[in-house]
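Quick one: this structure, given as structure tokens, is what I'll be asking you about.
Lettered A, B, C and D in written order, each chain numbered from 1.
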Amino acid sequence: MTGLAACQHWGDLFMIRVGIIGVTGYTGGELLRILSGHPEVSVTYATSRYAAGQEVAEVHPQFKGLLSLRCSKFDEEEAQLKTDICFCALPHGESMNTVASLLGVGLKVIDLSADYRLDPGDYYQWYKKKHFFPHLTEKAAYGLPELYREQVAGSELVANPGCYPTASILALAPLAQENLIDFSSLIIDAKSGTSGAGRNLSPTLHYPNLTENFQAYKVAAHQHTPEIEKILSLLSGQPVKLTFTPHLLPMSRGILVTAYLRLKKSCLDNDIQGIYSQYYGAEPFIRLIEHPQLPETKNVYGSNYCDIAWRLDERTGRLIVIAAIDNLVKGASGQAVQNMNIMFGLSE
Amino acid sequence: MTGLAACQHWGDLFMIRVGIIGVTGYTGGELLRILSGHPEVSVTYATSRYAAGQEVAEVHPQFKGLLSLRCSKFDEEEAQLKTDICFCALPHGESMNTVASLLGVGLKVIDLSADYRLDPGDYYQWYKKKHFFPHLTEKAAYGLPELYREQVAGSELVANPGCYPTASILALAPLAQENLIDFSSLIIDAKSGTSGAGRNLSPTLHYPNLTENFQAYKVAAHQHTPEIEKILSLLSGQPVKLTFTPHLLPMSRGILVTAYLRLKKSCLDNDIQGIYSQYYGAEPFIRLIEHPQLPETKNVYGSNYCDIAWRLDERTGRLIVIAAIDNLVKGASGQAVQNMNIMFGLSE
Amino acid sequence: MTGLAACQHWGDLFMIRVGIIGVTGYTGGELLRILSGHPEVSVTYATSRYAAGQEVAEVHPQFKGLLSLRCSKFDEEEAQLKTDICFCALPHGESMNTVASLLGVGLKVIDLSADYRLDPGDYYQWYKKKHFFPHLTEKAAYGLPELYREQVAGSELVANPGCYPTASILALAPLAQENLIDFSSLIIDAKSGTSGAGRNLSPTLHYPNLTENFQAYKVAAHQHTPEIEKILSLLSGQPVKLTFTPHLLPMSRGILVTAYLRLKKSCLDNDIQGIYSQYYGAEPFIRLIEHPQLPETKNVYGSNYCDIAWRLDERTGRLIVIAAIDNLVKGASGQAVQNMNIMFGLSE
Amino acid sequence: MTGLAACQHWGDLFMIRVGIIGVTGYTGGELLRILSGHPEVSVTYATSRYAAGQEVAEVHPQFKGLLSLRCSKFDEEEAQLKTDICFCALPHGESMNTVASLLGVGLKVIDLSADYRLDPGDYYQWYKKKHFFPHLTEKAAYGLPELYREQVAGSELVANPGCYPTASILALAPLAQENLIDFSSLIIDAKSGTSGAGRNLSPTLHYPNLTENFQAYKVAAHQHTPEIEKILSLLSGQPVKLTFTPHLLPMSRGILVTAYLRLKKSCLDNDIQGIYSQYYGAEPFIRLIEHPQLPETKNVYGSNYCDIAWRLDERTGRLIVIAAIDNLVKGASGQAVQNMNIMFGLSE
């Protein structure tokens, strides 16, 4: 009836068998929601350390009646037998070994953690963990299809981007590609809903503390910073250091990124329009929002879209670029499924 | 990619052509969301008094890129040419004539207003409007598929139930059918998110007034009361007068209904379990929630499910039945599409 | 500048020295907020198991600059030396011994827990704990000033009422006193903001789980039920068993109670008006809300008021009484300070 | 009992008689809340165009029982008779004439609108209105006590700052005063709760549209920009043009400002600490938040505090300054009362 329910019994032949490693978190649940509506996929394996033996619908009660699947303890041989591809939705640091095991038994892997996104040096600096499989990081494709579709298509391992980097990089990629950004001026002020912080309890996320509250956190110290810098640097061919400040919104889903920069050469609004239109012209999940509208997180709620708009501040000569995504969809699970579609040659 | 996007280009032949009369409201937008994911349907006509000439995606910006459809001024001949069935999502009172026109040109109609749900006498008493087409009301099927699937299948006009009545009747129908309810004891305490109040601005719905606020309204005077009474009376073969109190929740979507009653004869928990299981056993959109879980509006957010649970209060001999729906889906647009599927013999 | 700040340096002589046992919870914080604005009180002692040694303003950062007070580990002799009265804001079960110790060293005590509110038998049945000081329970005054002002004035130990009982009993006391309630018909459907659940982390109170969500809990099993029954029974001289259903609102503060009942004899609206006006006429913190207005939790946010209104449902012969309080103020700390004022002969 | 109620019957002699012109808005209501707790003030006059003749407690139901005052139509002679000072809480543009009238009959005035904050040229450019009383603007004190306490003390007319300028200027004043800011680098990314937008209905503020939503608005075009620039320019002795982007938070109260800048000379954290401590050392309503804490809007909810913290981003050489206020208190009515206290030589 809804998209979800309507689709689920179609196409019984040649289904791709999918495993979800770490199904109990929010990204795991969102993977289930999206994959349940996917006509060419069957979720055949799901693991959880805490809920092994339970029905998935006990952990995510919204799926009662929609799914009949029991959580297993992770076992690479069972994964090998039961799946063609695994989504790894484990916490940063825990994903590293599991991904290596899955690749070792010949499976394709899409890793939603940060473990295969950064050079091992940056990884150590920002995550305070030594990386044991640097050769796998080298082979991983960075799963931002708008930038790296071909690499994703040809790779066995996709490092799915973080939520903040997805919004930030998509906001800036067309300008970076043209080498138009004066990176010494670049500031990203980002705001996220609380589901981005995951299912772990903390006083910050305790309802009475967070409702009617707003705050910055990890100012100039957030671990997504090097991921944004790395990709912008690759695109522009220049070293990039930027200031990144995340904030926590009193809502569940949605990221809005406000980026400030100076252009290397003077541009008119039409020039910028041209650059963005050309770069994203054919992209199915990028929407350029036309004046006087601006991106709103509500307009991308539950969808895989990234909405982008910009304004020239003529008084100061600065460009302001704003992008909105759903942190659990385009910022995590939706983009992961988009990558899977590319890896298997399906419609995105 | 999401269910929505994934489905929309399948099945080009034999598509049912659908019109939405009054597309700019929340139920209109929700119809679009659901129908966009429906593989056998094409929305070919949409009307709006205020937005005629505009793209639908200008009024509902979340559909930018998903839909290309322009709002028209309503014209019954255009509807006749372009559609097989129309959803009428107009305000109460305005729907009456439009529905009659559409039936007059031979179209099937699903009316989301209250105009064809009540006997003309009750309609006049609670809505303060004279009904001009009482003979059409007689022929209308009440669009609650769990109770009236056959009538819906055979009807040209479906009166789609209100949001509160959907949750309330589904909570109580199995007991009413068995004539087990002592109706003199029946109280329904209902709580709704704000989208139920629609898109019209009011001080009550002004954000700073409503956040961190909770209140009752129309106490013992809500116009959905006679609709609940009518159906429970038909099911039980008894006159029904009940107390109904709606409340406004500081959230967007979701209705939770808490019903209190005494049974005509003493029942054990198992007896009640048996009655509900038998009544709803095969229903695709009813979920009986098992102890110790209880319905939560979040678990039906965006879905067409109605979640139901009950508790016997042994100290007082009372039964408490709780039901949760998404007021815009099972409480309005989702149920309307379910009715359309039944009218055309599709999978619900 | 605000009431808080404006008052705090007045009246240096004859200050009542107050201790707060368990200062780190929400009720502890709210006691601080209210007492900081009290011209005849000085908070001289505050204890916490977890934060002993820390400044109170570290635990409750909103008080930075307003308060300079360090948390101690509880010690009855230190309490005896430093205070005239202690507020005990400990969890149920933990308060029992501490209260007895404080009384033992000659202090007045206002206990915000449930430990001294119920007869030991009921206490054991609902809280699953044996009571070690039943003789103290007998001597405790139930701290609802509107009903028991004299007892509070003359007592060394006040059992401060629970949040749900405060709203429920105040809604019904005038009718119970007149013995007008048919108790077999009495149902209380209650809705509370999340601060009532306290500062302990739980998945239910995790922000992404609770925002845009609504649910019932402890249906027909909430431990505040016997407290309401006890007081209504004392007022009416009759045994009382009622159905009580609490619900959790997606907001921080506020309780709204909707009570349903039949009257023992037929009353007009004017009769009921007369009964409530006479009962509450001189009460400083009760407001009878006039038609067509209804109580809203926002109107009592942060204040010690209880707003009450009622409606006769003429179709069913039922009376509906609605009451709103701030669960942390009139439902806990505000009422506790009101009781302190009465114990010391101050203006309430 | 609360600060509000406790204070209101003290000090009957030599009360300052206060008028509130435009009492029905949110700032009017907040003035009432604060002044009701003020021991040396009596609100003797309140006007409203829409609610003339009604009790103030009908418009602001939270004051029922606390206040007995009827709204009048504005009349300068009545104001002259009944008050010593008037707060003008009218919309921008409407305040201009009323303020002039009140000054004309010899009253002191605190104007909460923007009408007397800017040079007439800037006023015309940003508010699109001609100013009829430029000589009064020249005589107006800018009511930010931390910067202009002496001018406020000696003035008959105080232009009370806007909410965004209050937070922004307080965040940056110590650095501007020292002429340490490289203004070409200055960006202010600001986020406000919805009460800042006032009581006028709009689709943006319609509850279902705004909950779970976040968006920027008036990007590089907000009318508070020149107010911030003017004061920073006066402090630093330099022309200032900055980029200012406001955003709308899904909550009621609170502003958080995140400012980004480069310093003219290299500073250590200790240097900055010294500058802020010296500048604000004795200020009763400024709190410098110590590492690792950061300002949160919840910690200033309902209070007149401005909480400030900063971080040096060593990787980029940028300074990030964060400030939080309650937009209705320090950002409007609380600051207005603080100014009144200064004008009358009272404790702030």
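The definition used in the following text is that a residue touches a chain if its C-beta (ideal position, glycine included) is under 8 Å from a C-beta of that chain, and two chains touch if they have at least 3 such contacts.
For clarity, every value in this text was computed on a predicted model and none was experimentally measured.
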Selected interface, A-D versus C-D, where C-beta contact pairs are more numerous: A-D
Chain at maximum distance from chain D, centres defined as averaged CA atoms: B
Interchain centroid distance [CA atoms averaged], chain A/chain C, Å: 46
Computed distance of Cα centres, chain D from chain C, in Å: 35
Rounded Å distance, chain A centre to chain D centre (Cα mean): 40
Sites on chain B at which at least two other chains make contact: 193, 211-212, 250-253, 296, 298, 301
Chain D-facing residues of chain B, complex: 26, 193-195, 199, 201-203, 205-208, 210-212, 250-253
Residues of chain D defined as touching chain C within the complex: 1-7, 9-10, 34, 36-39, 61-62, 64-65, 211-212, 284-285, 287, 289, 293, 296, 298-305, 307, 329, 334, 337-338, 341, 347-348
Parts of chain C lying in touch with chain B, wherever the complex brings them together: 184-185, 187, 189, 191, 193, 209, 211-217, 219-220, 241-243, 245, 247, 249-254, 256, 258, 260, 294-298, 301, 311-316, 318, 320, 322, 324
